[in-house]
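Below you'll find the structures, each written out as structure tokens.
Note that chain A is present in both complexes that follow, paired respectively with chain B and with chain C.
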Partner chain A sequence: MKEKRKHRLKEHSKRYLTVALFLLPYLAFFTVFFIYPLFFGIYISFFRYNVFEPSKSVFVGFDNYKTAITGLTVGGTNITLYRNMFWGALKNTLLFVGVSVPLLVIIPIFIAILIDIQPRFYKVFRVIFFLPTILSISAVGIIFKWQFDTQYGFINGILGLFGGKQIAWLNSQPYAWIAIVATTIWWTIGTNTVIIGAGLKEVDRQMYEAAEIDGASYPRIVWSVALPAIRNQIFIIVFTTIIASFNIYGQPDILTGGGPTASGTVLAGTPGTTTVVMMVIRGLLQGVNRLPGLAAAMALIFGFFILMVSLIQAGYNKYREKR
Partner chain B sequence: MKFMKKTLPFLIFGLLLSGCGTTPSTSSEDIGGSDVSASIPEFKNIALTYGNMITGADGTAMRQLVRKFNEEYEGKIAITETFLPEIDYYESLVATIPIKRSFDVALVHSYRIPSFANKDLLYPLNDLIASTGLSISRDNYIGDVYDAMFYKEKQYGIPLDVHSIMLYYNKDLLAEHGVEVPTNRAELVAAAKKMPNTSAGGYGLPLSTTWPSEYIFTSALYQNSGKEIDPATHMPAYNTQEGLNALKAMTDFVHVDKISPLNVNVDADLLMFHQGKAMFHINGNWMLNGMIDSGINFGVAPLSDILVESANPNSKKIAARSHTFVLPQGRNEALKQKAALVFIKYVTENAHLWAESGGHIPASNIARESEEYLALPHHQTYGDVNNYTLNSVSPYYYEAFSPVFSRVTTALSDANYDGMALLNAAAEEGEQAVVLAQLV
Partner chain C sequence: MALKTHIKRRKNIAFVILLILSIIWVLPLLWALGTSFKSNIDMTTNIITIIPRDFTFDNYKALFSNNASYPIFKWLRNSAIVSITHTLLYLLFATMAAYAFGVMRWKGRNLVFGLLLATMTIPSVINLTPLFTMVIQFGWLDSEAAWKSLFALILPGLGGVFGLFILRQFFANIPYDLIESAQIEGLGHFGVYRKIVLPLGKSAIMVAGLFAFMGSWNDYLWPTLTAAVHFDQNWYTLQTGLATMQSSSNYDPGLVIAAAIVSILPVLVVYMFVQDKIIEGVSHTGIK
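For the complex of A and B:
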């Protein structure tokens, strides 16, 4: 009996050890690149942190959070700059998420459905739609910077052919946002298209045939058969696209440099196309006089926003599964 | 005997150490074409690391200078060069200097010296230079540029060059319209207006709304007798009538004189000039070789008096920066630091190669007086080097001054801009940024 228990224990520990060994590399990276920075970020968000001499850092309590959320009075100066920048950048980020996510979900679904019909050269189209995804944002940014150029751009060239006026795509609003969203769509729809396409492949063709026999039109088949069948894939792409869109940085950084401010606007806190991640990196973490404590506080507040959105999504998923 | 037993090992150890180290040279040594004082040590296999952000066309010249130095100093000093894109390079300095793992010699932009020195990231050079007796002094360089190497009366840098923006002009278009190279604003506008100033026919002076507008605005500020910051308080000082005049001097090209189209993106202005669709173009001297390669028949003139309505004692000034050698704080080994000075002196005095490749103006008088430099045709039309003015010295310069750049862009894009409101908003932001930066 004792021998049997000993053997079982050995088997168990062997199995757990194997699992642990497989998990170890991931856990090591996860700890070094996520857990440690997260806790370090929380720690320094309560300090006026000195990167050159950490021992000289000063504990400031919630001052960094106040600076970001409501502003802070130092001496006789009311520091509202970072508050305005943070809320302005957050507004911009939410605007981008609100506009881009529906497009980044609907367009790939549409393309995937068209490819699923398997028209002539559909494999070529599949490659064409996926190809931009492998490019770096630097390359994509440079390509589209010239496509949207006021004087030399392809887009204004086309508009000019039809007698249209030149549009300052990257220098005026709302065109700067349109350019950023269009670039993002071109660059990123490939992945979502592939995920939806894979989902559509799994749909039983007999369901399409049955619907057809019942007299359903093709759009009706897509709406009532295909889309419900790929709802899990749709949920996944909505979930991942929202998080990816919250982290937008490269597109405005290269295309517009965070500008342009709205015409006639002079106040701080109206950062044309500056997003939160961009502001934290470009505005607070460069140069010798950087403000890592404030940057950490802003990143954590922003992280909290994303967490809330993710929890809502997770809650919806649970509700959906129960239904 | 007992005494000998005790002291002999120390004597032998001392002799061994002196063999590994240096022997003060009593003879004069030629370094970079100039005599060096006897207090320079004799170097033996000193390995130095050298970091810079020179990744563009001028990188070829920098690599060449390092190679030539290594050949001339073989067995004495060996330089290993590392070059990185600018943002990564400065990040690496900020990350490695505090842990004493940075380069032995580094090249930085002059405007960064006060902020780096303020955080004790740079080694002060005064005593070191004096201890070597090397002829590195204000007399050997452009005076004002050399002065900008000081922060709180300590010297932290040795200037390699001066670089700034220039007025490029298309010689064929000037000849076609029968105009001379302009020497002031009125002449420039009159000449530029001879162009059709339409997208099909070309423009007089297309101006990008973003780059190099910060250089142009700063030059305009100097020419209109304004200043970026108050050196005593470090606070913004550009929200003044002079600042407003500077903004107007720039934006009038677009909104009033209409010699530039609206909303020109960065590099689109350069493309117009390359294609012969622009009579004038403002860009850095670092674009010189790009201009030559484009095959356009062009000339270069200084921007003195171009960004101001009428001449005044400051109207010839042009905002400039300098690539500057510094010694990052580290292990601070005296021998290595002295070897670094020898290398710096060599490169600055042979900077005619650097000038040819990057279009820059050598800060060293020896380099500027060299036959090779004097044979560079375009460099001779850059104007008086003393007009190239480096920025006000402050560790919070960027925080105080940079908010104005986006306002300049706004003013260039919007004909109905409220100049003083823009400058005040920028100054308010700058002031808040300085207050917070001073606390860290």
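For the complex of A and C:
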């Protein structure tokens, strides 16, 4: 009896040892480059942190958070520079999310519905719409920057044919935002189109036929049969697109550099097209005066917004599973 | 009868709309390709033509011959080293972990895997500053030995959850009988992993590998952020190199567009061969 238990215990510990061996390499990297930075980031946000000589860092409590949210009062004057940067960039990011997300959801649904009708060459069309998503933003940015060029760009060239005005796309508002949103649409809709397309494929064709025999028009069928059937896919792309749009960085970074303003940053007082991620990187990590403490604090405040969206999504998933 | 003509008309309408949209989608690439073969004068006078009037290789010649200002071959080399090494290491570690989560039976495996998945909701921007600080303090962004920056580009992404998720789902669906009978025949876990699970999981491994490779090859934010510490352009990746060409003071649009085309070509060739795999992989991300 005792022998048997001993044997079982040995079996057990041997199995867990094997599990540990298989998990070890992956979990080591996951811990060092994901879990540890989470805590390290919170730590940094409470310091005036010196990256190159960490021992010279100064503990400042919540000062970085105050600097970001309300501005910091030092010797009677309130330093509002970084507060303005943060709120300006946050406003820009929210503007981008508000404008881009509906388009990045509706256009793919529209295209996926057309592809689902399976006209001639529909597979070729799908390949074409997906193609831009595999390109890097640096290549896409370069092509679109020249395409939107005021003097020599393709877009103004075409507009000129119809007698249109030359628009300074990347140097004036609201055109800079229009250019950024258009580039984003071109670059990213393939993913959502494919996800919606996969959902439409699963819809029972007999439901279509039944509605058709009842005399419903095709748009009507799509609206009242297909769209309700793929609402899970729609929810998935809505949430993933919101999160992706919050993280926007490359498009304004390459197309406008954060402009249009002379100096091209929120610092100049006009918010331009600088987004939060861009400001954290360009303004606080890459510049001459690195402010990692403030960058970490701003990222945490901003990340909290995104986390809320993720949690709402997770909550919805739970609710859906229960039903 | 009426239904049939209905369907035909509907297909025609869909075809025409999709044709117009896909022309809009392809035009920027065609125009960029054409522009890369235009002379500087052609570029500024025949703006909207796609086929160059005086076809020239000047932009490409300049691009490949001026290695001091823009060492594009080194950028290609660096990008290849980073993406290939990252992908191979990731596949090795992630398939092992996926085996432990998807095939091995142990108490708590679903809990641990669930926790891993839950971390995907944590926005990556939070980790940006601490990771940046870490790689500086590890000494990986040294302007005297900038080759070390490759570590900063290869290693941090190895903890990614997305590929692991794809692999685990696939491994978990391998019939357990198959694994048990292999064990009865005397294979240990390492043998089962190598001789049964890896060969059977080929298609999932390929999809996970493609995502890892494309993510690494196309990454812009992180390589550009880290490059701004060591500033040695011989150790830039292709994407960082393109961005610096584009923002340099003697910006030459023809040259930069030619560089963008060069950077697109390898990805395009890969896409031609495996587009169905990629599209299928993406389409599964929406079905939960």
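The rule we apply is simple: the second predicted complex is superposed on the first by the 266 of 323 C-alpha atoms of A that agree within 3 Å, B and C clash if a C-alpha of one lies under 4 Å from a C-alpha of the other, contacts with A are read in each partner's own complex, and residues count from 1 in each chain.
Basically, a contact is a pair of C-beta atoms (placed from the backbone, for glycine too) under 8 Å apart; a residue touches a chain by one contact, two chains touch by 3 or more.
It should be emphasised that the depicted structure is a prediction, and the values quoted were computed from it without experimental measurement.
Q: Once the structures are superposed on A, label A:186 by its partner contacts, choosing first (chain B), second (chain C), both or neither.
A: Touch partner of A:186: chain C, not chain B.
Q: Applying the touch criterion given at the start, work out whether A:299 contacts chain B, chain C, both or neither, answering first, second, both or neither.
A: So A:299 only meets chain C here.
Q: Quick one: is A:145 in contact with chain B, with chain C, with both, or with neither? Answer first, second, both or neither.
A: Both partners, chain B and chain C.
Q: By residue count, which of the two partners contacts chain A more extensively, chain B or chain C?
A: C
Q: Thinking of the overlay built on chain A, is A:120 touched by chain B (first), by chain C (second), by both, or by neither?
A: In the superposition, A:120 contacts chain C only.
Q: After superposition on the shared chain, which partner residues are touched by A:317: those of chain B (first), chain C (second), both, or neither?
A: Second partner only.
Q: Applying the touch criterion given at the start, work out whether A:168 contacts chain B, chain C, both or neither, answering first, second, both or neither.
A: In the superposition, A:168 contacts chain B only.
Q: Kindly list the residues of chain A that each of chain B and chain C touches, one partner per complex.
A: Looking at chain A, the two contact sets intersect at 49, 51-52, 145, 149, 151-152, 257, 286.
Q: Within their complex, state which residues of chain A touch chain B.
A: Within the complex, chain A touches chain B at residues 48-53, 58, 67, 74-75, 77-82, 145, 149-152, 166, 168, 170-172, 257-261, 263-268, 286-291, 294.
Q: What does chain A use to touch chain C in their complex?
A: On the chain A side, the touching residues are 15-16, 18-19, 22-23, 25-27, 29-34, 36-38, 40-41, 44, 49, 51-52, 54, 111, 114-115, 117-122, 124-132, 134-139, 141-147, 149, 151-154, 156-158, 161, 186, 191, 194-199, 202, 212-213, 218, 232-233, 236-237, 243, 246-247, 249-250, 253-254, 257, 276-277, 280-281, 285-286, 292, 295-296, 299-300, 302-303, 306-307, 310-311, 313-314, 317.
Q: State the interface residues of chain C toward chain A in the complex, per the touch definition above.
A: 3, 6, 10-12, 14-15, 17-19, 21-22, 25-29, 31-32, 35, 43-44, 47-48, 92-94, 96-97, 99-100, 104, 106, 109, 116, 118-119, 121-134, 136-137, 155-159, 161, 164, 189, 193, 214, 217-221, 225, 228, 238-240, 242-243, 246-247, 253, 256-257, 259-260, 263-264, 267-268, 271, 275, 278-279, 282-288
Q: For chain B, which residues are in contact with chain A within the complex?
A: 87, 90-91, 94, 97-98, 112, 115-116, 118-121, 199, 209-210, 261-265, 268, 271-272, 395-396, 398-399, 403, 406-407, 409-410, 413-414, 416-418, 421-422, 424-425, 428-429, 431-433, 435-437, 439-440
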